[in-house]
Each structure stands twice: as structure tokens, then as C-alpha cells.
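Labels A, B, C, D, E and F are assigned to the chains in the order they are written; within every chain, residues are numbered from 1.
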Amino acid sequence: MKLVVAIVRTEKLNDVLEALFRAEVRGLTITPARGHGGETEQVETYRGTTIKMELSQKVRLEIGVSDHFVEPTVEAIMSAARTGEVGDGKIFVLPVERVYRIRTGERDEAAVTPVA
Amino acid sequence: MKLVVAIVRTEKLNDVLEALFRAEVRGLTITPARGHGGETEQVETYRGTTIKMELSQKVRLEIGVSDHFVEPTVEAIMSAARTGEVGDGKIFVLPVERVYRIRTGERDEAAVTPVA
Amino acid sequence: MKLVVAIVRTEKLNDVLEALFRAEVRGLTITPARGHGGETEQVETYRGTTIKMELSQKVRLEIGVSDHFVEPTVEAIMSAARTGEVGDGKIFVLPVERVYRIRTGERDEAAVTPVA
Amino acid sequence: MSEGHIAWMLVSTALVLLMTPALGFFYGGLVRAKNALNTLMMSFAALGFVGLGWALLGYSLAFTTGTPLIGGFSHALLRGVGLEAQGEIPQILFMAFQGTFAIITAALISGAIVERMRFGSYLAFLALWGLLIYAPVAHWVWGGGWLADLGALDFAGGTVVHVNAGVAALAAALAVKQRRDYGRQAILPHHIPFTLLGAALLWLGWFGFNGGSALAANASASLAFVNTMLAPMATLVAWMALDVLRTGKSTAVGMATAIVVGLVAITPAAGFVAPISAVILGGLAAVPSYYALLWRARTRLDDSLDVFAAHGVGGISGALLTGVFAQQSWNGVADGLLFGNPQQLVVQAIAVLAVMAYSGIGSFLILKLVGLVATLRVTPATESIGLDVSEHGEEAYGSGEGAILVPSSDLLAAGSAVAPAPRSLQASGGDA
Amino acid sequence: MSEGHIAWMLVSTALVLLMTPALGFFYGGLVRAKNALNTLMMSFAALGFVGLGWALLGYSLAFTTGTPLIGGFSHALLRGVGLEAQGEIPQILFMAFQGTFAIITAALISGAIVERMRFGSYLAFLALWGLLIYAPVAHWVWGGGWLADLGALDFAGGTVVHVNAGVAALAAALAVKQRRDYGRQAILPHHIPFTLLGAALLWLGWFGFNGGSALAANASASLAFVNTMLAPMATLVAWMALDVLRTGKSTAVGMATAIVVGLVAITPAAGFVAPISAVILGGLAAVPSYYALLWRARTRLDDSLDVFAAHGVGGISGALLTGVFAQQSWNGVADGLLFGNPQQLVVQAIAVLAVMAYSGIGSFLILKLVGLVATLRVTPATESIGLDVSEHGEEAYGSGEGAILVPSSDLLAAGSAVAPAPRSLQASGGDA
Amino acid sequence: MSEGHIAWMLVSTALVLLMTPALGFFYGGLVRAKNALNTLMMSFAALGFVGLGWALLGYSLAFTTGTPLIGGFSHALLRGVGLEAQGEIPQILFMAFQGTFAIITAALISGAIVERMRFGSYLAFLALWGLLIYAPVAHWVWGGGWLADLGALDFAGGTVVHVNAGVAALAAALAVKQRRDYGRQAILPHHIPFTLLGAALLWLGWFGFNGGSALAANASASLAFVNTMLAPMATLVAWMALDVLRTGKSTAVGMATAIVVGLVAITPAAGFVAPISAVILGGLAAVPSYYALLWRARTRLDDSLDVFAAHGVGGISGALLTGVFAQQSWNGVADGLLFGNPQQLVVQAIAVLAVMAYSGIGSFLILKLVGLVATLRVTPATESIGLDVSEHGEEAYGSGEGAILVPSSDLLAAGSAVAPAPRSLQASGGDA
């Protein structure tokens, strides 16, 4: 099993969710995040103070998948999240040793397969 | 060492914290998250617009543990976070290559053992 | 490639960002988090109710780096985030199997090397 | 009728109406984010359900001469309520001013039952309470009823409004029972600035509440107004002192609470006591409410936002202290204990007890009645998700993350192109 | 002039001025967090750009006798606007009171074009609209123009303010076009408590709006005031019933909307109908606006915050129902259909249609004109980042995470020591 | 005394009281979330500590005839302050109206020392300042003191309130010193909508502040009122222009600031200048404050929320421009420079300088004195955690995550069953 961690643009989240659905990926967890990469920085001004915003709003997705689902998952994200502009984000694939489904106690493959 | 990543129901967080304490697990980090799984979707209505909420509020825990602590940690979370209803969440156990305690610079096992 | 995950004090974030820049580390993603460790707990009072805050505000950094960059990254964080007081945080180094840059589809090393 | 009196009573009525939304913010800030809208709506709904009930029936029950216990139906549906003078203002304005009191009184009760009551049952309770409890009690004291005859002093509603609502809240907390998490989990206020905003706007509105209760822009109004400014100042200082003595810290929720307690306590006394007495009364009134609140938190009684400690206890303190500090040289009506008339204190106590008994029993019965017809509480699952999503299908602070637009099935031709094809992340069985 | 009348009109003017910020919060809560400030500023800017325009020119165009279509320049730059009586109050106060109406009317339009319009172009539109559309229409009805001659009844601006702004909003939504995400993504309100706060403060302000339109503290003001209290109560109850019938749930946004719709509908009728008629009118007016709003959401028409459904449709309902319920025994002016004067309804319809035509076409042309000189919309990239950061360089709810202070290059000697050396995370080419 | 005058002064007093919470929101929005409550409480506390001090002593010091420098004790503890007329209203109401000025003036200073001052020390400073600085200065100008004799014009407190508070803020920033992060980290406002809300409510309240300073509902009140509406409109437009010229963008914080600056500047002039002069004055006043604010941010002077730039500089501009634009044909009192009386400008300058000297030195000394007895600042660790948790044991926006309920040790029998067994995540030594 793997854990696919993807950082994408906030405004692309719904497209990514839809693409994942099409790829038959079901479970996932997201967290709001802020990222720094090659994006242009925003300048903000508060009264006399000028501020450079080095971090821009992103969404972080975390998807536990069985091995043969890594490829479709990555592809779904790649195609749905891409705009071609700097700031599209990154995908990391991490090895996972064990997975548990809390509700049933099922382990590993079983834990990431949907119950009928 | 391992990193135990668990996604649990928000309302179960305090029970999980208590169970982890009983299991003598000490350090942990949590982030608010939103998850999609088998949960029923909420429908919301804003004036003329109907909206389906595909993500529900969860909490993500991240716990760095030494190897022999993986089992008790997982068990503590499993028992405390379970309601038996869809949406209880998942646990992922990831391999960790190195751990550092920033305060002292201690590494690995030492970094996840509490200082007396 | 590795994923360096660091939990640091919120008020140290800007120092850490600066140190990472000096270490020529460029891309990173942060999420607000709350942590429990050896920190003193805060007591709060709301009318007749007394509450112990077991979690304190932290920031979680996630930095994908190629192998030879792990050391400088960890060192930059360690030195910039340290205050010597309990609560400075932890760094975890996780193995990564694959990395993709969403914008270009580049993989692995290429994906974490900045485009000229 | 003169334009000056009308001007002041127009303003007062507007200010008292504002108190109900203000209360919504006071209460709404104290609950958890997942119940913020439900709590706010409990107040806002009173504007409709109690306000309309008052205009159509309650006013008549309260302010027409019927028996010493309740008025009649002669002004029902606003019949005969016109532009003719009622004291210094048109009767229609008098009706409206009194209506704003009915609304806020009923809304006050909601603080005892937040985060768990079904909204439909709450609305039924609200509407009935305004007619069956508030209107008669208002009649007793202000509509020529038996407490008026007895000589009970209640300038702006210490008994009619605050003791009444405070005891009803107690009954409601008992009838609806405690929240699942109560006493088991820490339940934190999600937005204390809203509570402070509510307190500030309540104070503003209370100038109309007490100052307007003179029903004219005269010396009595000025006295009531100034006392409404001075008493809460003293309560604020006293409360902060109590807080610091107990925990070493003063708190924002404490400041907001203190302001309300001070306002409650001065309400029955506002036009009857000297300004320096108002200062003393305000300071004294902090003590019983402060300790009632501490005590309550240690019991199983989930009067969630402490309506009884603030309004019930504060109202009782105020009503009794009115019997102590009243001064005929300021009010032209009656003296209190300190000025040689101990009898007044007895009358005040009778009024308080009568309202406590009637409101406590009556409110409990209404809830039991509603409970026979409908369910009083949401399900445990709903309680843990929060009432905003479950009862109202809304989130107070929506981010839109993971929210999917559902296209209307009967889409207009013009609109069809813009709506996405219906889909659902989980319609199909695939998984990873 | 008497002090009572002056007192009431001072208060009324202050209350109506407050409505514009209140509107900012009503609207600001309904948009996404990334556009919260921009939306708030659209209202606040009207205080400056429309308010000043009114004082310097608009007042003269509206309230001096010129032609039946528009006034003249004799009061331009406030010439001849002094402390002499205009009715019961000094003319200068009359000018200010009327100015607050111009401001809120123009600000109302912004709801149709939030989250996408360039701020500079919006300001230009705002200033022009106040002079070219609002001032003439105000002249027609209140400044002795042709609709006044015709006998159109508009107590406080159902036609001049609400129909006018509602139709202008429609034109603006058409001219500026829909948001990129509209109909494709779920766009959720980011802060519904602000919308409720806005609704509460709007109601408060509306007492000045309608009650103050009597221009004195008299029976007429009292009637208008009380009707302004009763009608929205009925709309609130009716709206909640419609909500429950359709979806099984009542909503907070619905309650806020209902309050505004009720207030809009009673505006033209406030001083002309009996209180019991106000209740009925308020309840009836819920229906057309409720369905207009549902219908609008299914079209491509991105009148984003439904200004037309609330103010346009609500204003039309109110103007026509004024022609139905007006009652000479209450207002001393004219009867409506129900009281034997069907003619009044025809006059009301003419007034509505005239304003719709003029405002619709005129507003559209002004936007086209502004569009010739400047760009109306922000770029798609800006739209997705949000207008707060891109148009104003600010975030509504800043956390400071990742924010780096930029030292001023021309730092004063005294300050130089405290500023960090300039640096940027990405200035150098290194990477990991 | 007439009911019209009383009505207006009741309203004015209520409105000015509202300004202090409004200021809390204006300031509270500008600080970081971790200090939001502390900042709000700095304003709310003034309601208790300055308000009570005023009633018990300050009023007597300011408004009894003593020496040209300070009044006496004859009205201490509200002795002899009753319902008899003081001008057009009961003296007790006059006392209350003036009290609201003392409160807001002291609260204004807090903006200079947010996010670092110990709350206890702040309270001590607040109480002393109200008596030792505010009361004498009020006496000089309004209580028959030496500046009144000199003929200084200060309609509603440009000098007494704004210059006074602005200079005290400067002194406080110097005495309390800068925040640890100041000039090293970007410190962002955490909630700009609150700042806009504060600005809106301040404007509302200011109508009572300036309009009420006529102490009657007459032509003078109307003039002051209308000028209070016009001047900030002009400041708003001018400020936005300055913002756009400098950075290409107008800002929300800028708009909120501009409104306050315009209100400050018109305060001394409100009842003395023609409306068209108010427009010009408002526009002109934007400039010095705008640049003062830019300049301040480049220095080590951590007047954190720019009280001096807004109130000090704005107050000076206003006081001097009053000496320029005053027009006897409007005010019946005196002409300014433009109308042939250059002497007035000199008198205005003397008043400003006198208040600056007294307030600057006095405020600094009070803080040094408080610093001798107690600590002025929180510890660096506390400063980085934030003052809400450390000084008040509360969070403004609590989520309840990781919050554990602590059962009371002396739990009542009834309550014991519901409380969880005491436990702590870290009581035991185990680890993972």
C-alpha cells in the first residue's frame, strides 16, 4: 500500500475530487495548507507597513491506496490539477507498512477496499 | 521508528487522547481535516442553490513512535475511536528513517523517549 | 528522495523559512497544527468551568528534498527553530518513492529541482 | 402627545427591538461553531413568532382590562389600536414598544436549551410561551393586574422580564435535559468577540428598555437612563474583582456577563432609585449571580448559557434591592427599606415568588405539552454533527471545500449549459 | 421647527447612514472569504463617493424645482442650503437625511456584481449612478416631479430606492456578466452571522428610513414605524413556512433575506396602511421574492446576491400592494383598491414601470460607458485568487503565516536598526 | 428643559457610550488573534474603571467652579447632581453625557500599547488617567477653565478628547516600549471586518458625540450633525486617492482609518463651520494623518494602532482648521482666519500646545508611577503566546480541540456522576 500526498491549488480541488471519482478512488482526507514554491509573491499593505506573502493557499490531499491504484490516482490528480502555470503543486508517493480501518479493524488491502 | 497517521471523528478526539495517555503515548500532533469515505453526504441549501457536502470534518493525528510502541498506539486509537458507524476513519503506519528532537538535537529512539 | 516533516513553534516559523532559504531549500508546504508534548498546559476558565488546554499551537512543515539535501534541511530547521525550552518540536524524515511536479509531469529528482 | 415624547419612544422601541438580535450574538458566541446559526436563529425567530403573536393577541391579553389575572380580547388582531393617545404617545406605538419586551423575554429562555433542541419544537414553545406566560405576567404588573394593585415596583421589567425568563429557562433546562457532552467534554465558546458585541448592543438597547419605560422623555426617563449607565459599570468592576480574587485573572466572558447582570439588576429599580444607589446596587448585584454561576457549573443542571444565574438571580437581586433603595424624593412614588418603608421589600418578594411559581410551572408544562406532540430533542448523532447542518442545512462559516453544486432537475433551458453533469464521488463502487 | 421633530430627524438620519455599513455586512457575509473586504468596501465606498456627489450636486438635481423630469443647479455645492426651515427641520438636515437614501440605494446595486468587478470601475459607476439615475428618480417622486403630480404613493422609497436599485442590479449583472465559477462550483457564504448582523442593523436603520420619512415626530411617523416593525415579522414567518414546505428546513440566510424583503415591501406603504394591513402585506410579499430567488438561481443570470429578487421584486410587490391597502382613514392622503380606489393601483404600476425602464436602461448604459474607458472585470486569475488580495492588497482574516516584513528603502536613521535585512525565500536559485 | 431636548440628549448619550465598544472592535480587528480579547477588554474596561471614576469624582473635578486649572469636590460622589436643569436637560443627564466622553478618551490610548501591557497595570493607568489628565483638561475648555476664558473653540472635543488622547498614546508607547516582534516580523490585522464594523459604529456614535455637544436639539445640533456626516465622506475620498496614488490600491484598513480621521478632524469644528467648509476640512485633514502614519511605521515608535497619527495629528489639524474655517454667520460665536479673525488661529494653537504638554508629560509620569508599583509589561514568553490565554485564560475563537474539562474538587454530590475522572495526558511518564 502507498500513501499518495498531493499539494494542489485550492480552486482545483473540486476538479481533482471529480477526477479521483472517475478513477474510482474513494477514500481521501484533505487539509488546508499554505505553500511556497515558484509562485509570484503577493504584496500586501497595512497602513504604513508593506508585507510580502511568501506562502499561497493550497490544499493537501492524502490518499491511502493499494499498490495497483497508485498509477491511476497519480494520473487523475496530474491531469485535473494542472493549469500549466507555476504553482500547480507536487505529488509524493510514500510507502505504507500497515493500514487499518477503524470501524471494522480490517487491515491492509482490506482496509482500503470499500465494503459492499 | 514509525509515524502513525490516524484520521478520526472530531467528536472522538478527546477519547482518543485519553486512550493514548493510558497507553503511555505522549507526543503527538493533530491537524483539522476533512475526509471523504463512505459517510452519508450532507445536503445544504443556500437560497436557491442546493449543495452536497462530500467532505466531513475529521481530525488527523500524527504520532512518531519507536517500533515496539506501534501496536499499543494503534490499539489505543482503534478502540477509542470506534463507533461502528461508517466514517470512523483509518490508520496508516509509515516507516520513518530519522527523528530529531529540535530542543536537544537528540536523534531517533532518544528523540521519541521522554526526558526525565 | 525524502519528505522532511517538521513540527515547530508558530512564532519560529519565519525564522525557519529564512534559514531554509539560506540553505537553498525552496519548495515547502505548511499546515497549522496543534501538538502535545512536554509543554506546560494552559488553564482556561469560562464562567464556572475550568479547562486544561493540552494542545498548543504549532506549525507543521513538509518539505520534499533529494537525498543529499536532507542534512542541510534538517540542520537549518534545527538551528532556526530551537529555543531550548520544552516545546521546540520534532523532525521526521520519511522515505519517498516517487515525486511528481504537477505542472510539467516531471518525476523524482527533476520534480524537486527548480526550473531555471 | 408631543413630538419630543414621540421621538424618544420611537427611538426606544427601535433600541429594544435591536436587543433580540444582540442577544443572538451574545448567545451565539458562547456556543460551539457547529451550533452558531441555530443559536442565532433562536433569537431571530422570536422576532417573528413572538412579535406576531403579541400584535395579534398578546397585547390584548396583557393590556386590556379583564380580570386581575389576565386581560381580554378587545384588542385582538389590533382592533381599536390606533393613533389615539395612550399616555404621551399614540397607542399603536405603545403596543409596539411593549411588543419588543415580549420578544426579548421569550428569546432569553433559549440560552438554557441551546445545542440540542429541535427547532420546530422550539418555535412552538416560543409562540405559546409569549401568549400563555408572558402576556399574563405583563398584565399582573403593568396591565392593571393584581401585582400592580399590590404596589409592586417594577420599573422596566425586573420581574416581568428577567425573573420570568430566568425561571422559565430553569424549567426548560430541566424539561429538555442536558446536552450529551455536558459535564463530559470541555465545551468552549467559539467566538467571544460576538459575545462582547452582543453585550455592547444589549447595553445600547437597554437604554431604550429602561429609559423608554418612563413612556416619555422627561426627568424619570433621564433618571432611569443614567442609572442604566451607572449600575453596570459598578457590576463590571465588582465582577472583575471577584474574578481576580478567585483565579487571578479577569475574563472577557466575565465582562460581558457582568454587563448583562448589572443591566438586569437595575431594570426594576431604574426610575426609582438615586444614581448613587444605582452604583451600589450594581456592585452588590454582582455577587449572587457570580456565585450562582459557579455553583450551577458544578451541577447536572445544563442551563447552558446560565440564563437563570444572570437573569433569574440578577432579576431577583434587582427586584429586592428596588425594595431597599427606592426613594420617593427621586421617584415620587414610593420609598424602600432604607428610606423607612420595609413593607415595600415584602411586596417585592411576593411579586418575585408569584412570577417564579407561575413561570416555572407554566413553562415546564408547555414544554411537556410540546413534547407530547413532537420530539423536544434532536438525535444524539445530530447533536454531535451540530444543529446548523442538521436542522438548517447550513454552515455558519462555509469554506466551500468539497461542496458540490447540485443542478436543479427542472433546469430552465437557459441555465442547462452552465450546470455540471450530476455526479457523486461515491456513486460508483470503485475504490483504491 | 421644534426640538422634538429635530431630535427625531437627527436620529433617523444617523440610523439610515448606518444602513450602508450594515448592508456591507449583509453582503459581505454572503460572499467567499477571499472577497469579503472587497464586498464590504463596495458599500463603504458609497458613503464617500455617492455621499459627496449628493451634497455637491445630487441634492440640487433632486430637490430644486426644475422641470418635471429633473431639478436644477441652484443648490449645487450646498449654496443656499442652510439652517432655515424645510418643513419641520433645518434644510441642511433635510439634505443630509435625503443623502443617506442616495448612498444606500447606490450601494444596494453592488450585490449583483460582487467577486468580479474592478474596484476603480465600480467607483466610477457608483458616482455616476448617484447623479444620473438616483437624483432624477428622486426628483420625479419626492422633488415635485411628474410622478408626484400623478399621485404615486411612495412613503419612503419603494420605487425610488428599491425598484430603482433592483432593476439597476439586474442591468449590472447583465453588463458585468457572470462569475467564472458561477453555476460550475458551489459558492458558499463565508460568514452567515455577518449576514444576520447586517439584517439586524438594517432593520434598526430602517426605522429611521421609514419612520423618518414622515419628516417629523408625529402620528404618521409612529404609524410608519410600527408598520416597519410588523411587516418583516410576518414576512419572516411566511418565509420560514415556505422554506420548511420546500426543503423541510428553515435557514438562517432565509431569515436574513426575509427580514430584508419584508422591510423593502413595507417601505412604500409604511405611512399609508393600517398596521393589520402591514401584517398581511408583509406575509404576502414573501411569496414573489421567494420564488423569484429560486428561479434566478436556475438561470445564467448571476445577480449574485439576488438584489433583484429581494429589492426589485420586493419593491414592486410593495409598491403595488400600497395601491391595494392604502387607507385614507389612516394616512389622510389616499385610499387604495381595497378601500374603493382602484385607480391608485394603476398609478402605482405606472410609477414602477417608469422607474424600471429608466433605471434599467440608464444603468446599463452607464456601465457600458465605464466599460469603454476602463475594464469592468478583473482577470480570471485575479478572480480565482480573490479580490481582497488582488484589488486591495489585504486579507480579511490575516494570520501572518509566511508574511515577511518589507523594510522601507528610505528608512529613517532611527528605524534602521529594527528592520531585518531584505531577503526573499526565492531570490536565489538553490533548491532541494 | 423640554422633552425634545431631553430626547435628543438621551439618544446622544447612548450613542457616545456605544463608541467605546465600537473602538474595541476597531482596535481588536487590527491586532493578532492571540490578543483579540485583551484588546477588546482594554476598551470595555474603560466603561467600568473610567466611568465609575467619572461619576464618583471626575465630574466634580471637571465641572464645578474651582480654579481656572481644576474644579472642586462639591459634586464628588454625585452629591447635588440631580434632576434640576443644567441648560436644557437634567444635570444628571449632563453628567452622564460628559462621562461617556471621559470613557472613550481614555480607551483611545489603549491602541498605542496593545499586545504587551499587563492588564492590571493598564487598569491602574486607565483609572488614574481619567481623573488626573482628562478631568482637568475638560475643566480648562468646558468647565469654565483658562482655555474657555481665552476663547478657544472646541465644539465637541478636538483638543480635550483627541489631541489629549493622541499625545497620551505617544507617551504611553514611549513608556511601555515596543513589542518584541515590532519591526522584525510582519504583524497582520486578524479581522479587518471588525475594524470596519468598529468604524461604522464609531461614526454612528459620533453623531451623538458632535451633535449632542450642542446639548440641545436645535439648529446648532443640526449643523454639527451634518458636518459630522460630510467631513468623513471627504476624508474617505481623499484617503483613497492618496492610497491609490502611492500603491495603486485602495485598502479597507485605509477606509476605516479615513473615516476615523475625518470624524476626529471635524470634532472641534462641527458646530462652528459651514457645511461646505466641513467638506473641505475633511479632505484637507486626510493629508497630515496619512503621512504621519507612513512616517511612524518607519520609526522605532510602536504606537501600535497609530493613535497619535489618527487622533493626535487629526485632532491638531481639526483644532487649527477650526481657527481657519469658523464662521460667525453659522455659529453665532466667532470667525476664523478665513473670515477675518486670524487671532482665533493663535488661540487654537495655544490650546493645542497646552494640552499636548500637559497630557504628554502627565501621561508619561502616571505610567512611570504605575511602573514603580507594578510591572508594565508581560514577559516575552507571554507576549509570544498572546495575552488572551496568559492574561485572561481565554481564547477568542476556541475550537475545543484538546481541551480537557477539569472537574471541581469540591463537586456537589449531584454533579459528581457526570464529571470525568481527573486525568492528564502527561501525568504519567510513559512515551512512545
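In this text, a residue touches a chain if its C-beta (ideal position, glycine included) is under 8 Å from a C-beta of that chain, and two chains touch if they have at least 3 such contacts.
Just so we're clear, the structure is a prediction, and the values are computed from it rather than from any experiment.
Chains that touch both chain C and chain E: A, B, D, F. By count of C-beta pairs in contact, D-E exceeds the other of the chain pairs B-D and D-E. Legend: contact pairs of B-F compared by residue number with C-E, A-E or B-D; the interface matching in over half of them is C-E.
Interface chain D/chain F: under half of the residue numbers present appear on both copies, so the contact uses mostly different residues. Rounded to whole angstrom units, the spacing between the C-alpha centres of chain C and chain F is 42.
Inter-chain spacing, taken between the CA centroids of chain A and chain F, is 48 Å.
For chain E, the set of residues that touch two or more other chains comprises 2-5, 7-8, 11, 185-189, 191, 247, 249, 251, 253, 295, 297-298, 393-395, 398-399, 401-405, 408, 424-426. Among the residues of chain C, those in touch with two or more other chains are 14, 17, 26-27, 30-32, 34, 36, 38, 44-46, 49, 51, 54-55, 64, 94-95, 112, 114.
Taken pairwise by the contact criterion, the protein chains are fully connected, each one touching every other. Remark: chain A residues 3, 17, 26-31, 62, 64, 94-103, 105, 111-112, 114-115 touch chain B in the complex. Residue ranges of chain F in contact with chain A, taken from their complex: 186-189, 247, 249, 251, 253-254, 257, 293-298, 306. The part of chain D that touches chain A in the complex is made up of residues 399, 401-404, 423-432. Here chain C touches chain D in the complex through residues 44-49, 51, going by the rule given at the top. Within the complex, the chain A residues that touch chain C are 2, 5-8, 31-38, 54-55, 58, 60, 74, 77-78, 81-95.
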